[in-house]
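Sharing a structure here in structure tokens format.
Should a chain be cited, it is by its letter among A, B and C, assigned in written order, with residues numbered from 1 in that chain.
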Amino acid sequence: MSQRKGFYLLTLLVVLLPLLFPDNYFVTVVAVSAGLNAILAVSLNLLMGYAGQISLGHAAFFGMGAYTSAILTTKFAWNPWPAMVAGMILTGTIAFFMARPVLKLKGHYLAMATLGFGIIINIILVQAVGLTGGPDGLGEIPTLSFFGWQVDTDLRWYIVIGSCMLLVVWLALNLINSRSGRALRALHGSEVAAEMMGIDTTATKTGVFVMAALIASLAGSLFAHQQSFVSPDSCDFFFSIELVTMVVLGGMASTYGAVFGAIVLTFLPELLVVFEDFEVMIFGAILMSMMIFLPQGMFVGMQNLLQRLTHRRSALPGEDPNEPA
Amino acid sequence: MWDQILQFLFTGVTVGATYALVALGFAIIYNASDVVNFAQGEFVMMGAMCAVFLYSGSGLPLPVALLLAVALTIVLGMSFQRFAIARARGASVVSTIIITIGASIFLRGVALLLWGKDILAMPHFSGETPIQLGRATLLPQNLWVMGGTGVMVLAVHYFFHHTTLGKAVIACSCNRTAAHLVGINVGLMMLIAYGLSAFLGAMAGVLVTPITFTSYDAGVMLGLKGFSAAILGGMGNPMGAVAGGLLLGLIESMAAGLISSGYKDAIGFVVLLLVLFLRPSGLFGKASAERV
Amino acid sequence: MNLLEVEGLEKSFGGVTAISDLHFEVPPGLVYSVIGPNGAGKTTLFNMLSGIYKPDEGRVRFDDHDLNGLLPHQVAQLGVSRTFQNLQLFFNMSVLDNVMVGCHLRSHSGPLSGALRLPNVRREEELTEHWGHEALEFCGLDDLIGREASALPYGALKRLEIARALASRPRLLMMDEPAAGLNDTETVELRALIRRICDAGITVLLVEHNMGLVMQVSDRILVLDYGSRLAEGSPEQIRSDPKVIEAYLGGEVQYAV
């Protein structure tokens, strides 16, 4: 099954990189960011790519996780683990109460509502200086430890985040090919028909919204401990947009596509640094041209191309390459 | 108290007028091509930056600099349509959103490259002597913004409802194929829509920059506010967008004055969310029920 | 005992009355057709029966359950399924996935066990896939199993909608114009399919404009005109009812097969 082969391939990649290039900046630093972004993109893709509910505010959930961990561990001296759980509970609860009114909206209105929500959260993080440290953020966040195994080197963080990413990818792949995953995809295809087949679409939408938020919160907590510093910039509107771009760039409704998009979008700016002043401009130009020439996303687009070349008729199981134009 | 409120009102209407122009641009492009143009704010920034540059950089007289800046932005808007949007026909809604985001990053990058990160100023059109109204004051530039916006909104309204060209643009937005079949040059109409949108953005930029200053990233927030205003009014309803812009400007200015300036943007968005929860298609948008 | 009972149903949209004071009963095991000119309110009726629209007035009872106020997925849980006049397939999914969604109510695993792919989930998956195959086979779609739904020709799509609805094992299947857009061969196949569905013990509620099909396949027929009941009876009674002939363009009813 290609689905599983893909997973082995990804695992192999994650394992081999640090062995082949130990102490390489791109592996131990950039790849760790890419891993976190991949977790976020995969979770957003569940909501956006599969269930068809666009969200321009996903970074807010990431921020909630990051800040809950940061605040509880630095200001209240909590152990990181319960802090992480507290972050997920808080984020999940907020997401749950947001989900109903927000997901009633469609299309651009939904985009606007999620965008507004993300900005509101960000403004609160900037303004509630007493709690969040305001624009300067919070520092000196302790690192994680697993039964005494301190995650205190870049390589160890690579291992932790790499495994988390693989876990999230594995869970997402399973979910999408399960009964609940079909329900998600079905409501994207036709909400009435999904209802008529017995799917409680409101509950399903709420469920996937909360689930995506929980994963984002987890990623946020990991981020906080890994960077040992959080600031409102790390979860602002631009980051939300960046996450959406990762999903779309890789190709909507493809878990591997989301991972791919996250990797490309994390590495690209690092590579463009050599262009100095031209960096921003070139980044914009690349983004535009990629979407113009591969509107289905790079990963999915290339996958389709490959398929056409090898004359295979059917798509990878569970990875729907495209929706009707 | 009331003087203060009057003062907030002036500020609110001025800011709101800018939002209204950006929102109007949003609505026009959305109507013409179903694209939510996240680069709309960059049209404002480009108009303003070009004007500042042409005026203080090359010493052109202010009116000439303004005209040239607006013209340049129109060309920019049309090229964006021609070389990016038109090539991506058939891309999904989100894909086109990403294209416009790419364009906005690109334009910001260009501005950064050409003019750096400095905050730039532009002279007021007719002096800076405040006009007293009760105990509230008003700058002549505020009047320029309000008046200019009023004239342009009316002109746009007239264009779409009373000229053949305007109606042809509307026809394309209703049904491209049908418009093409009755002999309308759809490509040209799209160029006009994007040009008009860029024109409105650039005008907003040059009108308001004497008050607010500008910088390479000034378009981001304006674009977001314009989008909010367009949604508030009901996406695709141009006059709704204008009303949404004014309303948003007023809410923010009142919130800043009476509640907290730090939270003014947040309050604007909270109001927007509440409106959407109660009226899922905006204030003046038509509820669209899908028939099965 | 009737399977479906409709009493005093009313629905209007703004000024347009789509359904007014409608009464009828559907006994179990029949093919019961609803016919009427365009805009007579047939689809609106289906939408109310399936919980998509709320009736303004009146009651719908299905097998002793009051359907009023139920959401479509709750109606589906009682054993009602339907197809749509304008295709509502999951075009983002494969043919098999489409029918497997149809089996949603016959399986139970939740998101968590699904994400962990627990052993019982795997078994359920296999079973669901088997049910999916069955439904596709029943509708003669077995050779298209590996395809994406978006790659199917129109006739197959219409049948796929039926297969998906059948996959839920409904007791009442509502079909909204299943023959629209089909060619003659496909229509003949459809007629056989409807009969087979009925023989399998599923009550069929059929909306259809193709009179040949309706007359051949139906046990009873309800005629709607401007949202009201114009006539009701066996195909023979309807065929010779002067009011019906009047409503259908002054008597030009086509009975061709």
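The rule is simple: a residue touches a chain if its C-beta (ideal position, glycine included) is under 8 Å from a C-beta of that chain, and two chains touch if they have at least 3 such contacts.
Keep in mind that what you see is a predicted model, and the values were worked out from it rather than measured.
> Using the definition of touching given at the top, classify the network of chains in this structure as line, ring, star, complete or other.
complete
> Please work out which of B-C and A-C is bridged by more C-beta pairs in contact, and write that pair.
A-C
> Comparing chain centres built from Cα atoms against the global Cα centre, which chain wins on proximity?
A
> Using mean CA coordinates as chain centres, what's the gap between subunit A and subunit B in Å?
Each chain's C-alpha centroid was found; their separation is 31 Å.
> Report the inter-centroid distance (CA atoms only) between subunit B and subunit C in whole Å.
48
> For subunit A and subunit C, what's the span in angstrom between their mean Cα positions?
Their C-alpha centroids are separated by 40 Å.
> Which subunit C residues reach two or more other chains?
Residues 52, 84, 88.
> If a residue has to touch 2 or more other chains to count, which residues of subunit B qualify?
292
> Pull out every residue in subunit A that's touching 2 or more other chains.
192, 323
> Considering only the defined contacts, which subunit B positions touch subunit C in the complex?
291-292
> Touching subunit C in the complex: which residues of subunit A?
Residue positions touching the partner: 171-172, 174-175, 177-183, 185-186, 188-190, 192-201, 207, 211, 253, 313-315, 320-324.
> If you look only at subunit C, which of its residues touch subunit A in the complex?
Within the complex, subunit C contacts subunit A at residues 50-52, 71-73, 76-77, 81-82, 84, 88-94, 97, 100-102, 104-105, 107-111, 113-117, 121, 124-125, 128, 146-148, 150, 164-165, 168.
> How about subunit C: which of its residues touch subunit B in the complex?
Interface residues on subunit C, with respect to subunit B: 43, 47, 52, 84-86, 88.
> Looking at the complex, which residues from subunit B come into contact with subunit A?
30, 36, 84, 87-88, 90-99, 101-110, 112-113, 224, 227-228, 231, 235, 260, 262-263, 265-266, 269-270, 272-273, 276-277, 280-282, 290, 292
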